[in-house]
Amino acid sequence: MDTFSLAFYALAFLIIAAAIFVVTSKNIFHSAIYLILALFGVAGIYVLLQAPFLAAAQVLIYVGAVSMLMIFAIMLTARIADDSIRHTNEQVGTGLLVSLGLLAVIVYSLWQTPFPISAAPMPEGAGGTIGRLLLTQFVLPFEIVSVLLLGALIGAVVIAQKDKVRGVSEPPNTPLPKPAEKVAG
Amino acid sequence: MAGIGLTHYLTLSAVVFCIGVFGMLTRRNAIGVLMSIELMFNAVNITLVAFARYVTPATVTGQVVAIFTIAVAAAEATVALAIVLLIYQHYRGIDVDRVNFMKW
Amino acid sequence: MLELDKLVKIIGDGIDAGISALGLGPAWVVLVQLIVAAAVVLIFASLVVLFLVWWERKVSARFQMRLGPMRVGWQGTIQTIADALKLLQKELITPANVDRGIYFWAPVVTFVAALAVYVTIPFGKGLIVRDLNIGILYILSITTFTVIGLLMAGWSSNNKYALLGGFRSAAQVVSYEVPMALAVVGVIMLTQTLSMGEIVAQQQKFYQWYIWRQPLGFLIYLVAATAECNRTPFDLPEADSELVAGFVTEYSGMKFAMFFLAEFLNMFTVAAVATTLFFGGWNGPVLPSWAWFMIKTLLGVFVLMWFRWTYPRLRVDQLMSFAWKFLLPLAFINIVLTGLGIYIFKS
Amino acid sequence: MVSDFAAVAVFLGLGVGFVLITFLLAKLISPSAPNPIKQSTYECGESPFGPAWIQFNVRFYIFALIFVVFDVETVFLFPWAIAYQSLGLFAFVEMLVFIAILIFGLAYAWRKGVLKWY
């Protein structure tokens, strides 16, 4: 087996194993750590697919930002990390059936489909080409992404505003003291 | 790179996607559901980049779309986790099977 | 001159010949070469950390009109080695209620993230393990694992101080990550490449250094980098007077040493990246290139140490406001100015 | 190009190996005499009180939410910065619009007082 295949199978094994742990782990914090491992493995797959820029973006956004946010969320809702609480619902059997069935269908059709493989050379994947595409062919989606991010930002701010959100330890339905009162007191 | 071709990547992607589906269906915890969704997003991204690599290597369009997907996933995670926080405030828990205020 | 690139080439060829003589393929040659390179970098990193710890103690002492370590070796030079040996003999206490797996892997993640950055740091002419084409972006993304490491440590320790320290630290590091990345974007607009090797190659003359065209960017980078390393005045995560030792509270012996090692390594990393991006990397007259790199980088580290004894610690609210309300808008202004500058200059 | 990243794998592997060997060495050399007091959670000499995860501040979380948005934006800025000089004024205006929209978001958060650490 050549190095490339070896790298692929190693990464595939890492991703699949980590992904299984993500969905089955009893401790949600462990799930988050396995998720990070799986996402890092996906970055490795991007490298194999000659998309190093995308790999870096994957690590920056998923590992550095999204996973971290999830860990913060787990922190805020800490009691759920307790092992004694059940973490799966009654649909385990159905879920297994559905996902395995889906997998069978997809994999069967994948191996049946002849894909139009092209052997043309790839431009270097360091981002320059992506930048040009972003600002020429994909200008509109590019700008819309900024609007989407703005929407997400405003949404998050509105939902998680300080006068709506209380510290975890405080009893529900008691408004926080105003900052000014705090200073005066 | 003999041996490893487009189909291998797509198979990997399918496996990860189905693990994500399983997690999404069976997790009780809202954050766990979100993690499963992130797995599914990543599976889709693998297909996009794999197609970009093997079907249209001359243009990197697939990679650009994958970047957009990552951005959308991040935006989704931001809002979803803010909602999780709100649900936690309201219910003192984030068991999605017990969150039923949308039913009425 | 005393350039090391010839030596590196000779060693590389030697490995090539040796492995090929054993009848193994080119993949093995590359693997052995990389392992040797990584081992050399690892040893270099350990030596640098040993030196930096001693130097930090000496510099701190001088700032306070003390002598610092004097007993072990000349001017206390081998004090850190003695300390390292002491740490090696310390009992590894694992508190009863920790989350064992994560508690164990947290120092590993932190240290490996700090080490992996050195894949693409140009130490001198021909002295770069691999000039990755996403160079600086790779460095930025691999360092995000540091945050994960300290969150793991904070969570798994089952200790209030560790938890609060870990999460404070994470909030701080990510807050300063955005201005830092934006400061780097300013340089990338000029270089048009992410490769560290090419960025150095573009700054051969003194007047070509990017600091002259990115002074604001450099200042932003400097402040953000100080915060990223959790150095004073941004050392809130480990503010001993309020948080004991932050996320490392429950770590002892070698496990603690790994966090310590990673911290000093990160300090060297940010100085090395600043050298490469803003101060011409290993370019310089007369002296060999690696000497220039070390001089510039150690000067950068010295500035960080100087900060420590000059500024008092910020409050957590000041820390956050500074990042989001001052540094971030400033970084955007820097990008817009750079864009305008390039446009005017080119036409 | 892809093979360059083998270096990253080697560094990760060697780094993990180094740490594990060091831990093993430390375990062999160092004494081990655990007792319940030594293994209890450190709380400045007092007996540990209550669970460890209490009163986690929600403000950290809001900053993390805003961070995610700006992190994504940074990733979009990098390819733009590389291609900037070859694209000229149009690219500059495009990016100004992009940044302006997000600055608006920052200003909104600022005005709403979320950036304030009360």
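A, B, C and D label the chains in the order they appear, each numbered from 1.
Here is the rule we go by: a residue touches a chain if its C-beta (ideal position, glycine included) is under 8 Å from a C-beta of that chain, and two chains touch if they have at least 3 such contacts.
Note that the structure is predicted; figures quoted are calculated from it, not measured.
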item: Innermost chain by mean C-alpha position; value: D
item: Pair joined by the larger number of C-beta contacts - A-D, C-D; value: C-D
item: Separation of mean Cα positions, chain D and chain C [Å, integer]; value: 15
item: Distance from the mean Cα position of chain C to that of chain B, given in whole angstrom; value: 33
item: Approximate Å spacing (C-alpha centroids) for the pair chain A, chain B; value: 6
item: Sequence positions of chain C contacting 2 or more other chains; value: 132-133, 137-138, 163, 167, 170, 174, 177, 192-194
item: Junction residues of chain D, two or more chains touched; value: 1, 5-6, 53-54, 56, 58, 60-61, 64-69, 71-72, 74-76, 78, 81-84, 86, 106, 116, 118
item: Sequence positions of chain A contacting 2 or more other chains; value: 2-4, 48, 50, 52-53, 57, 60-61, 64-66, 68-69, 72-73, 75-76, 124-128, 130, 134, 145, 149, 152-153, 156, 160, 165-166
item: All touching chain pairs, where touch follows the definition stated at the start; value: A-B, A-C, A-D, B-D, C-D
item: Residue numbers on chain A that touch chain D, as the complex places them; value: 3-4, 7, 44, 47-48, 50, 52-53, 57, 60-61, 64-66, 68-69, 72-73, 75-76, 78, 81, 124-128, 130-132, 134-136, 139, 142-143, 145-147, 149-150, 152-154, 156-157, 160-162, 165-169, 179, 182
item: Contacting residues of chain C [partner chain A, same complex]; value: 27, 99, 101-102, 132-134, 137-138, 140-142, 144-145, 147-148, 151-152, 155, 163, 167, 170, 174, 177, 192-195
item: Complex interface listing, chain C residues touching chain D; value: 30-31, 34-35, 37-39, 41-42, 88-97, 107-108, 111-112, 115-116, 118-119, 129-133, 137-138, 157-164, 167-168, 170-171, 174-175, 177-178, 181-182, 185-186, 188-189, 192-194, 244, 249-250, 253-255, 257-258, 316-317, 320-321, 324-325, 328-329, 332, 335-336, 339-340, 342-343, 346
item: Chain B residues within the chain A interface of the complex; value: 1-12, 14-23, 25-29, 31-32, 34-36, 38-39, 42, 45-46, 49-50, 52-61, 63-64, 66-68, 70-79, 81-86, 88-89, 92-94, 97
item: List of chain A residues in touch with chain C within their complex; value: 2-3, 27, 29-30, 33, 36, 52-53, 55-57, 59-60, 63-65, 67-68, 71-72, 75, 124-128
